[in-house]
Amino acid sequence: MSKLSQKPLSQNSLTQASPVSERFKHVRATSRELGAPLSDADATVQSMPDASPAKWHLAHTTWFFETMVLKPNLPGYEVFDESFNYLFNSYYETIGERQPRPMRGMITRPHLDTIYAYRDHVDAAVETLLDRGASPTVAELVELGCHHEQQHQELLLTDILHLFAQSPLKPAYRDPQPLGVGAEPGEARFVSFDGGIVEIGHDGEGFAFDSEGPRHRALLEPYRLADRLVTNGEFIAFIEDGGYRDPLLWLSAGWADILANKWDKPFYWSKRDGEWWTMTLRGAQPVDRDAPVTHLSYFEADAFATWAGKRLPSEFEWENAAAGLSMDGNFAGSGRLRPKPAGPSSDGTLRQMFGDVWEWTRSPFSPYPRFKPVEGAVGEYNGKFMCGQFVLRGGSCVTPEGHIRATYRNFFPPDARWQFSGLRLAEDA
Amino acid sequence: MSKLSQKPLSQNSLTQASPVSERFKHVRATSRELGAPLSDADATVQSMPDASPAKWHLAHTTWFFETMVLKPNLPGYEVFDESFNYLFNSYYETIGERQPRPMRGMITRPHLDTIYAYRDHVDAAVETLLDRGASPTVAELVELGCHHEQQHQELLLTDILHLFAQSPLKPAYRDPQPLGVGAEPGEARFVSFDGGIVEIGHDGEGFAFDSEGPRHRALLEPYRLADRLVTNGEFIAFIEDGGYRDPLLWLSAGWADILANKWDKPFYWSKRDGEWWTMTLRGAQPVDRDAPVTHLSYFEADAFATWAGKRLPSEFEWENAAAGLSMDGNFAGSGRLRPKPAGPSSDGTLRQMFGDVWEWTRSPFSPYPRFKPVEGAVGEYNGKFMCGQFVLRGGSCVTPEGHIRATYRNFFPPDARWQFSGLRLAEDA
Amino acid sequence: MSKLSQKPLSQNSLTQASPVSERFKHVRATSRELGAPLSDADATVQSMPDASPAKWHLAHTTWFFETMVLKPNLPGYEVFDESFNYLFNSYYETIGERQPRPMRGMITRPHLDTIYAYRDHVDAAVETLLDRGASPTVAELVELGCHHEQQHQELLLTDILHLFAQSPLKPAYRDPQPLGVGAEPGEARFVSFDGGIVEIGHDGEGFAFDSEGPRHRALLEPYRLADRLVTNGEFIAFIEDGGYRDPLLWLSAGWADILANKWDKPFYWSKRDGEWWTMTLRGAQPVDRDAPVTHLSYFEADAFATWAGKRLPSEFEWENAAAGLSMDGNFAGSGRLRPKPAGPSSDGTLRQMFGDVWEWTRSPFSPYPRFKPVEGAVGEYNGKFMCGQFVLRGGSCVTPEGHIRATYRNFFPPDARWQFSGLRLAEDA
Amino acid sequence: MSKLSQKPLSQNSLTQASPVSERFKHVRATSRELGAPLSDADATVQSMPDASPAKWHLAHTTWFFETMVLKPNLPGYEVFDESFNYLFNSYYETIGERQPRPMRGMITRPHLDTIYAYRDHVDAAVETLLDRGASPTVAELVELGCHHEQQHQELLLTDILHLFAQSPLKPAYRDPQPLGVGAEPGEARFVSFDGGIVEIGHDGEGFAFDSEGPRHRALLEPYRLADRLVTNGEFIAFIEDGGYRDPLLWLSAGWADILANKWDKPFYWSKRDGEWWTMTLRGAQPVDRDAPVTHLSYFEADAFATWAGKRLPSEFEWENAAAGLSMDGNFAGSGRLRPKPAGPSSDGTLRQMFGDVWEWTRSPFSPYPRFKPVEGAVGEYNGKFMCGQFVLRGGSCVTPEGHIRATYRNFFPPDARWQFSGLRLAEDA
């Protein structure tokens, strides 16, 4: 299952600079732009149970505003279509029955145009509500809805990539671009950190999901982090050295996956006439050796690190290093939609901490000390996914700008490969 | 797997009254009409591995003409799109690689409009070819292509019904109609046949598929056939008598299906407030007790017959009784798209032999004596489906007019339920 | 599921020469001898769901006498152990709940010695009953129990072979023997038959299972049968010619099995240093090129016949040819426990029709005209396996002497390989 | 897979009081005693892929001494049987091919008596080696072999329980005993701990497995632990309150298991005439309400804690509380072989920390800081199971005396239920 799409959401407080109504308009418009290249059929098909149709993402995020914001807070609001509560509820048990997840691709009707009309209907109502001067509760819920929608924007892109990869025509979501020819990123250098007692988790200023808190102390041993992500070129060396054929490099469960599924390269890769190609949102493209490797499972990230004589960082090591760094990076808004080479390092500081690819950490997704689920539908199942998953940090090239934080905890099962997931090496100091 | 869509085709001779070009135009126009109620998304989604998208049916039948008729016979013919040979080949090994069957629903592109343009392109070329005065070989191939397309017309309808049944909205393929209120069909009467040595199989006059021949002698014991199909009302009596809970009524493999899948009613049925409803091509509708029961597996048909103290007919018993009867009936062209009550019998003759529902026979699908596969791609795998399937006879309410014959052998595995399949009782005389 | 072990039994009359009590003693002693080489552990383990432990076969056949003969007919009979009715009932729904088939290997207790004590207890009671002068009903039931036990004797041997084949030690059920060096069997010759209307099925004189009747007329076209079985040497030629790699030779369902299970040789075969070896009841042995090929699925038998330009016979063709032939052959009593080369033909008559290997026919297992299940537990489910199986004829090298008949119909699903199953070629005349 | 049986082993040093040869004799004799109630068949059958036959446990532990101790260190040692290296290697890739784990139950030969002879042969050789005055290396390897064998002693008991539970006869491994009637344990009281920086992990004095180290500092928030284990009576209250039917209490993956497997009570429980019964090593027995609940999955332990308004402890919280406590408890040597009621508390100290049932912690099984796999076959795959499992602490009623430590980390996947696994509640202070 896709876990991101099932993450329950909550909010500690609202202190973003921009007024919530501007933020709302921006987020909603962005989703519409993401849908623009898609036909009704593109937006309807579900390519695997873990993925959802684009139409569903566009409708479900709208349903969220309708259900959580409008129904309880806008007197006289008229529901767009009563059947949508069944069709577009994701997993909220208290809200009622819903279309089974693996059957989301059966919804050929309503037409995508109707979903856009649904969006317009809800947008107008939310704007009416906000124009009246939103209460803090409403503002918080709208803020929450915006962050929720941004999560689904990323999923819409990863899920469309998966769909298009199943077609022999390998259609491009956006027109191909020439690959920039840049300087090689050079050898990774390792940056040292002292460890000790550090503060981890969100401090309550601005929005965060509930699993990012409570902020608490953690004890770290001294450690070192690579100053850039692992590249495709480095991963090709792993492949050529027989990395996929040596059981000693792999976790037991990962080796079972290799045997069962015949994994011998990253997801979406194929070889044509001796050259590595990969499926991207810009169609099939040659693999760029200087760019970060992506679409790796946890097992592949871990095996690569073992092969390299290093290890994956813990999520606390990563967060401690990221705290205070600028959150610039290669995000969805750049329109590149592929990871970008790091370029040469001038000063030995950490690069690519945000954007490009989600970084697998060695940390299982577990609750922080004193974590407590919040009450009500919004926080219905706060801890329910804290089993069998690993934390990823830092966002990717399909994460919306402004959606990421140093404390942000993404999570997927160790065999998930269709997200933009890669790795950064770490070691004990 | 859907077997109908995989049936190889051949042709003995061509003696239909209408010139082949008229027949071609008619069949091609009919497919276009069948597609008219469908959106691009409706036509793209594959609801299960056994079903194919409407877009695929519309394109594959066109590919058949392009590949079998135009490429070898129309000099200078320009292929519409080279990639379609991969996308729309069904299972012809000698013609090359193809999109795996369970992945037919991933083809969101080309758009349905492009498939219609493809149809226009091929239609024009075939008409050009025929206008030049077709050789007998070409005429035979076009005739074959027309029969092939008619098979896919039926599948298009059964597959769309399956797709729409997966949606909680239960969309109607065509607008609902009021159910006619007619006279009750009355008790079934049994018509007696003497048996003896009879001739079975197609005699070579006019078109037939290869498995319908060679015509040969068969020996029948005296037998009796019901003068009408089993009705929904009769099947409800079976249900209410605990038919789905008594292992003694069932074949061992059918009982295993009941336990594994919790079958307790015909496919597409559900109960609302104590009333039986069923999904149809005209949306969800109350079950009509006087109409023939349909969407039964072989196991259910056989269990019903055992419960009724009767048995299913053999395919030879059926064919012997059907020979010489008029082929009138409730077919796709009537637009009813549902089985129709028999009405009261006046004279004790067989009714509903053609149309309404395919009739399960007790005969496994096996080769006739001296059957030999034909040479070449057209007859590539003639006997390859003769294992694990049972023969059905007589056509259904979604079979195109003029497509059925007394010798026509349809076949499906015993657990298939999404076709319009029902039964007629038989007994030893 | 193993179907043989589930075959319900019935009996038409009793006209065997030997008194039933002698027959009973002989059959019961034979089972005991078959168990002699087995340890308690050998007799307890179930190697796959289709196979049963030897302990179960030895107990179930005893339970059959206890339940069907003693309980209803011997006043004062004391049941050996009440729990055995649950443990050793195979599938009789009317007799009650039972140990699920795939869990038969969990019965480590009672010990095999207890099962032998159970056998002694029941044997003594049956002999007491017979000594009192058995009524015809009792005699018929004992006769039925003897035939039932003979079926399980064959299964005990095929199931032990399967178990021992799973061990890397490849233990021998009986000591290895030197392979006889004989004359080569020479090319198969084809014997012609006229066809026409023939009588098929058991005539009611002596014992037969219910599916062997009623005797009825059938119409056969002229045909020809090979005068011997297909040999290992001929099958090696098929392998070497790429038979397992050519989809055009295979039924569609068989080709799917090849792809899914990577079949590329008969069951139990392996290659050591370029030589073919096979597992046998006498341990791992080199493949004897002159001996009949065995442990083939229906799919492999059919593909071989297609490759050879021939076909499999129908069961009626086989029975018509076998009628009146002597039933001599290589059966279990010979102790050879492997198929035997035919030796050179002197006179062009049919050889190896009985014993050696069961011969796959092209006939699905279907009821004969006017077949009716008998009443009561004994005939509880007479037709329930008549779906998805093919008929085999003639018995094998592990069939007990005196158990086979020209009318005997064995049946297995087309993918079954652990029985001694092979083929004889046929063609249209 | 059973993970315990796959745990690689290592050793830091050897400072146990008793000489290693005495320890060796004691451990080896204990295994022999554990095998005594078992027949050859009992010891041969594998009841599920996660379990191993007793014969295999008895042979594999012997193979470990033969392979790791004797072959490299006793010149002239004669291997008992060359085939045993294939049969009884568990998972050591560097040592070679082995019998696939799910096929361990196919080894009906050698007989159990031969395995005992194998044990005698190896015991004599090890004693010879030790009599000569063992080098520290040899002494360490023998010590390691003893701890390895103790792990398999526990597995032998849990696996035999699983096997006997599959039989409708519910055989008793040891004779049933009357349940003691004691005082009720009374309400659980919670003991407070301050938290802060604590030392976790093994300090290198005496034997430990490698995953218990390195010893390192950890930071704990203040917390409280229940002074006894959760009882059957408390778990019955959870059941009666609908605990198995409320999705809000469950982890998402656990709820999926409930739906798929219809879990509604602890493993091995059943209801007879309104009373709860459970399978035990002393046969089927009534559930003792005062005794600790056992055979729970992680999901059930977690759901119970959520229902109770508490949580599971982390493994560090548990270890911090256990450090310095006496390791007395109800272990295998007591012969009770069932968890034991706590009895009334007099002083509010922690009870049942060792023995009775393994206590699920909320901690995923992860490497400690600076953990490094050791070199060579013994430590071949040290971290390979650190994915998808949770840590359990404290040992159980089938753990051998002297095998447990406060630092001991057991681990199983969250759906494992056939071990003696239960829980102790915790909460934030």
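The chains carry the letters A, B, C and D, assigned in the order they are written, with residues numbered from 1 in each.
Just so it is clear, a contact is a pair of C-beta atoms (placed from the backbone, for glycine too) under 8 Å apart; a residue touches a chain by one contact, two chains touch by 3 or more.
Not measured: the values here are computed from a predicted model.
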Chain-touch separation of subunit A and subunit C, in steps, is 2
With centres defined as the mean of Cα atoms, the chain at greatest distance from subunit C is chain A
Whole-Å distance, C-alpha centre of subunit A to that of subunit B, is 46
Between the Cα centroids of subunit A and subunit D the separation in whole angstrom comes to 39
Subunit C touches at least 2 other chains through residues none
Among line, ring, star, complete and other, the chain contact graph is ring
Listed in rising order, the residues of subunit A that touch subunit D in the complex are 1, 6, 93, 197, 216-219, 221, 247-248, 250-255, 298-299, 362-364, 366-367, 369-370, 380-381, 383-388, 414, 428
The residues of subunit D that touch subunit C in their complex are 39-45, 47, 83, 86-87, 99, 103, 105-109, 111-112, 163, 166-169, 171
